[in-house]
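Take a look at the structures below.
Heads up, the next two complexes both have chain A, just with different partners, chain B and then chain C.
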Partner chain A sequence: MNTGGIWETLGFYLSYPFVQYALIVGVLVALSASLLGVVLVLRRLSYIGDGLAHVAFGAMAIATVLNFSNNMLLVLPITILFSILLLHGGRRVKIQGDAAIAMMSVGALAIGYILFNLFPPKGGNVSGDVCTTLFGSTSILTLSQEEVWLSIGLGFVVVVLFVLFYNRVFALTFDGEFAAATGMRTGLYNAAVAVVIATVISLAMNLVGSLLISALLVFPALSAMRVYKSFRSVVICAAVFGVTAALVGIVASILAGTPVGATIVAADIAGFLLFSLLGALKGKK
Partner chain B sequence: MALLTCENVSVGYEGKPVAEAITFAVNPKDYLCIVGENGSGKTTLMRTILGLLPPLSGKMTLEEGVRHHIGYLPQQSPVQRDFPASVREVVLSGCLSRGRGPFFTRAQKALADKNIARLNITKIANHCYRELSGGQQQRVLLARALCAADKMLLLDEPAAGLDPQITQEMYDLIGDLNQSGLTIIMITHDVGAAIRNASHILHVSRTPLYFGESEGYAQSPLGSAFLKEANP
Partner chain C sequence: MSMKRKIALILLLATALTLTACGPQKDAAPVAQEPGSLPTQSAEPEITPFPQATFADQNTGSAGAATPDPFEQLRYDGPPSALRPEARDYQDIGPIEIGEFIHWDLSRMSATMAYAQLYAMLMQPEGYVGQTVKVQGEYYPLTDDEGITRVHGVIVSDMAACCQVGLEFLLTGNPPPGTYPPPMSTVEMTGLFDLCNDGGEKFCVLRINELKVLEKASPSGIN
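Right after this comes the complex of A and B.
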């Protein structure tokens, strides 16, 4: 294939609105996921993203069975509820945090799968629907205009909140105890972080599906931390990394005909390896 | 009037007391050391003073307006040891309680720079926190605490894990801060240093065994026994 051919194919696809939607939503979701991922990775909470994604899968199954016109209306509140329970009430629960998440994670997956099988959606096939929800195989290309606007709005809110509360996010992440001792309402901010994380995960379901969401959260942060050493530079680098990987992944999947979510994650892996190499070279100097 | 008074206070988690019947008072410019065995409730008491835990019973009073002028030097957590942050970012985060806006003002940045200079870490201000030595990290955290503190400074084992020379520097630094007018409450297991540096001692061991001036503690049977045990 010559290069002219690739650009022509790309231009052909880009003229379709559903491809444009996919790119816009992909970039916004990747951007907000990578910003929050920095916080989660640094607070040793990466696994929470995974657990919540499975809860979102279960919620999606319920929404599909109940024939919701917009699944987000059910997925979002349920995921937010569990996110707050996990991040906020975690210390009071008798079951240890990581075990609780493992339990909830497989539980939601199993219940969701049973529901899909017991009440197969009209006109759909079970394995196709499950596969789409888990791996986001085609759903990003079938977004309705309503979902696109919802994604744009929520993505925008996440980024604005992150910028406005950047200093407080740093204080909370570096040392919540000190922040609380000097008068910050850490409980409130932790709850806010939980809500935003749940929102981003519900949105990311459309993009990469619930099994691959963790990749959007952890790869940008971990890659940036290989190379950069101040919080600000790690945050900026993670954001750029996440967006680039999403763009490269979406475009590559269109050109190669591969599943969108998995291709984005593959781009993330490639980027991580590159940054690890850069970090090792930088460390040697 | 005392900055902080505790009358018959019990501290602990989830209704289970760790230390009980604690009564003491801290006046402006005091230098109080809290000593005691591991697990005797020293850190729990400090967290209660900071308002991170409610007292289980008894009465704890902070003088009006002091709450937002307290600095805190916690024990380091594993999260911080490999956190990507520059020294300046860490110190600046101590200035948050000085403003309400989303971004740091010029005054807050000046305050951070002042404390960076005060602790002699200007040269490493742009270095990465996790790459510093233990002593340097403690200086950074102390600079952060000073940004929040202009009345009272609470320190939890500030010398933990430091070598003897750096430990002495740390104690000298804290002594200087006390001289400059800050009230100090410090947890330590180094009883010798506590007696040398502090004006008052509180010995906690589930219940407080001693509260009073440092000189009296060294001469009390309890103090001399604990001193012998700590420095055989």
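Right after this comes the complex of A and C.
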């Protein structure tokens, strides 16, 4: 396919509303995820995205069984609850960090899949639904207008909150105990971060599916850290990286007809390798 | 963990569980809604109409988590054919003229994009009535208990055939015997998109003048 043909094909697809919706939501979700991913990576909670995504899958299965008109009514509260339990538990819980994430993750995934099989949606395709929910192959392309507006609203809220509370996020990320000692209400901010993370993950499921959400959180932050060292630079670079990878991934999947979620992750990987090379070259200088 | 926190967690859990009460009421009367409008809020939560594939089949999937078929609970009061409101029956609305210009050419798109666009058309069909659509997919007839084909449809799958969506099509006039190929044959058609009503059931149909068979499947014995 020559260059002119690619532009013509891209222009052809961009005239379709569902492609426009996918690009808008994809960019916002990737931006929100990449900002929060910096916090998670630095706090060594990279795997929490995966754990919460699996919890969201289990919640979606329950919502489907209970015939919810809008699955987010159940997915969001349950994911928020588990996010608070994981992030706000602190050091007093008996089952710590990675073990708790692993338990919740596999437990929710197994229960969700059992529910889908025991109570299959009427007239539906269980394998297709599970495949799409886990890998996000077509869900970003089949968004309704209401879902788009919800994603836009939540995305903006996440970005605005991050910008407004940047200093507190910084303090919480690097030294929560010192932040608490200075009088900052770390418990409240930890709970707020947990709620925001759960919200972003619930939205991101539409983009890349449950299994690939970690990529949206982790790759932008890790790639930025290859090149930049200050927190502010890493945050800005991660945001730009995340949005660019999402755009490239969505456009590539549209042109090549590949699954959207997996293509975005492939773009993330390519970007990470590029940034690693840049970081190595910068280090040599 | 302090008693206060335990109580707070129990309350949060209870709040989440109470949301499970928000489900469809089996005996609730369907609420007529304007097409494409947001769901109305009522004291008794009801299923929001969320149009799916034209015919529900075990091989026909929905995108993302499955949503209930709204056509079961919502009686459609529109005309038998939105394309020709004066028609008495949706099956025969007389001759149609299909122009050269194709509004939505799904045959040019990749499988996943074609699936997504057709899904969008079935979700909000009102905006596509009267537009010329070109579709390529697998022919799938639905038969009754006596083996007589009642519905002719075309199935469009995404790239991995993980998700599928179907659209009924109607050949104008009286098609001669042998017009329809064996099931799962690859077919292509260009026609006018229509929104129909049959006994209160709302569904979409593609009205075509010609059915082009691209690849014939082996016969399966279905009429």
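Convention: the second predicted complex is superposed on the first by the 284 of 285 C-alpha atoms of A that agree within 3 Å, B and C clash if a C-alpha of one lies under 4 Å from a C-alpha of the other, contacts with A are read in each partner's own complex, and residues count from 1 in each chain.
Here is the rule we go by: contacts are C-beta pairs under 8 Å (C-beta built on N, C-alpha and C of every residue); 3 or more make two chains touch, one makes a residue touch a chain.
Here the structure is a predicted model, which is why all the values come from computation and not from measurement.
In the superposition on chain A, contact of A:F174 is made with chain B only, not with chain C. With both complexes placed on chain A, chain A has more residues touched by C than by the other of chain B and chain C. When the shared chain is aligned, chain B comes close enough to touch A:T182, but chain C does not.
Residue contacts after overlaying the shared chain place A:L42 against chain B, while chain C stays out of touching range. Of the two partner chains placed by superposition, only chain C is touched by A:F18; chain B is not. Legend: residue contacts after superposition of the two complexes on their common chain; A:Y166 is shown touching chain B, with no touch to chain C. In the superposition on chain A, A:N71 makes contact with chain C only, while chain B stays out of contact range. Once chain A of one complex is fitted onto chain A of the other, the partner contacts of A:I111 are absent, as it touches neither chain B nor chain C. Shared-chain residue A:F231: touches chain B; no touch with chain C.
Contact residues on chain C toward chain A in their complex (touch as defined above): 1, 9, 12-13, 15-16, 19-20, 22-24, 38-39, 45-48, 50, 52, 56-69, 108-113, 115-117, 119-120, 123, 158-160, 162-164. In the complex of the two chains, the chain A residues touching chain C come out as 12-13, 16-19, 60-64, 66-71, 73-74, 77-78, 81, 84-85, 92-93, 121-125, 127-129, 131-133, 137-139, 141-142, 144, 146, 206, 253-254, 256-260. By the touch rule above, chain B contacts chain A in their complex via residues 50-52, 67-68, 70-72, 74, 77, 79-80, 83-86, 89-90, 92-94, 96-97, 102-104, 126, 128, 130-131, 144-145, 148, 154. On the chain A side of its complex with chain B, the touching residues are 42-44, 163-168, 170-171, 173-175, 177-184, 225, 228-234.
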